[in-house]
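Handing you a structure now.
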Amino acid sequence: MESISHMRTRGMDMQQCIQNCLDCHRTCLETSIHCLGMGGEHASADHQRLLADCAQICLTSANFMIRESNFHKRTCGVCAEVCEACAKDCERLAGGDQHMIQCADMCKRCAESCRQMAA
Amino acid sequence: MESISHMRTRGMDMQQCIQNCLDCHRTCLETSIHCLGMGGEHASADHQRLLADCAQICLTSANFMIRESNFHKRTCGVCAEVCEACAKDCERLAGGDQHMIQCADMCKRCAESCRQMAA
Amino acid sequence: MESISHMRTRGMDMQQCIQNCLDCHRTCLETSIHCLGMGGEHASADHQRLLADCAQICLTSANFMIRESNFHKRTCGVCAEVCEACAKDCERLAGGDQHMIQCADMCKRCAESCRQMAA
Amino acid sequence: MESISHMRTRGMDMQQCIQNCLDCHRTCLETSIHCLGMGGEHASADHQRLLADCAQICLTSANFMIRESNFHKRTCGVCAEVCEACAKDCERLAGGDQHMIQCADMCKRCAESCRQMAA
């Protein structure tokens, strides 16, 4: 039964990763609008581009997993990198802003689960 | 306080509609792969097209609401129509298939909340 | 042969509308980054939201037409409205900026072909 | 002027790669509907999944390049792999079908330009 229990664990991990990717997609889009409202460096091309990259690769990775694609390891690998970069940029600009701190946390959580999927 | 409580209620409704749209996007993509595995009419262009339409307009409507776009009423109006058609087609083909019955239920729930948003 | 020639004409119109939508999707994403680089009102939530809305509904309408969906009239109707609003906002902010003038032109061309498809 | 001419060359390559990705996105969606109409193995989960993967990663890579993202090399790397796999599957199933042969050619062309971008 070890292999079946292992499969189930992997299955649970993937279900969680899909949900993390969809949640992170949503959070990055919300943060993008939030940051445009703040102006300054928050509305810079560099920060906005990272948020848009992160939202899109999260959705793409989620969909590859939902379709049970063999290539999901490859999209999750890229997703982990982008999420990590986005988390760092949100932390850099956060100050005490709760929305950006939560976005950084979400990106880190998504990066971690995508890294496991990519392994 | 009536207006504030009203605003909050609307806010809660929209939060729920966003989540319904994202959940319905995921469910329709899962159902698409599930139905391709079943073959026959489940793998027909007509049924697969509806599932793809539904997944895409649900994502689009979710993102318009996340961006707080004034046009979200228009995308939600289309989304309600597509979700309803998709629910009917899933019910028509479901037989006793639990996955398809759940997909039909999800589409109906999403159609209902999108209809409220579009009003 | 009238009906066939009519079908071909409609077919050509739709082919052109698909290409306009895909071109407008690309142009709005390019303009978004361009405007973030300019800063000020070009990087405001209102302008960036319109560009993001336009890019997304253009892609959605293109894909509905590519899939030969019966609902393409509905997505094209919304697309025409969003493209028109985006064209106006680009014109309002353009000054002599060639990129924004071209974006406004692209949005108007796409709005016109989507309006015909929606009819 | 060597560096500028080099930059221009790279710029032209990227412009071409963006267009290839958008064209390949469209072609794969068209082929998906075409193959569902043919039925049999053309409508199998394996073939349809590859077409959906290819359409989505092509769009994602196009958008990363349009946004001038530093991560475009990573998405283009995945895109080249998926396009190549999709080209092989279309060739395997093509028989004399002109649409599928053209789809395989488009995927190969896109794979080649994405491979150059990823380098």
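Letters are used for the chains, namely A, B, C and D, taken in the order the chains are written, and counting of residues starts over at 1 for each.
Heads up, the rule we're going with is that a residue touches a chain if its C-beta (ideal position, glycine included) is under 8 Å from a C-beta of that chain, and two chains touch if they have at least 3 such contacts.
Note that the coordinates shown come from a computational prediction; the quantities given were computed from them, not determined experimentally.
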Centroid-based (C-alpha) most distant chain relative to chain D: B
Centroid distance [mean C-alpha coordinates] between chain D and chain A, Å: 24
Rounded Å distance between chain B and chain D, as computed from the means of their C-alpha atoms: 29
Residue list for chain A, restricted to those that touch at least two other chains: 33, 49, 63, 67-68
Graph class of chain-chain contacts, one of line, ring, star, complete, other: complete
Parts of chain D lying in touch with chain C, wherever the complex brings them together: 18, 22, 26, 29-30, 32-33, 59, 62-63, 66-68
Sites on chain A touched by chain D in the complex: 49, 52-53, 56-57, 60, 63-64, 67-69, 71, 74-75, 78, 81-82, 85
Parts of chain D lying in touch with chain B, wherever the complex brings them together: 33, 36-37, 39, 43-45, 48-49
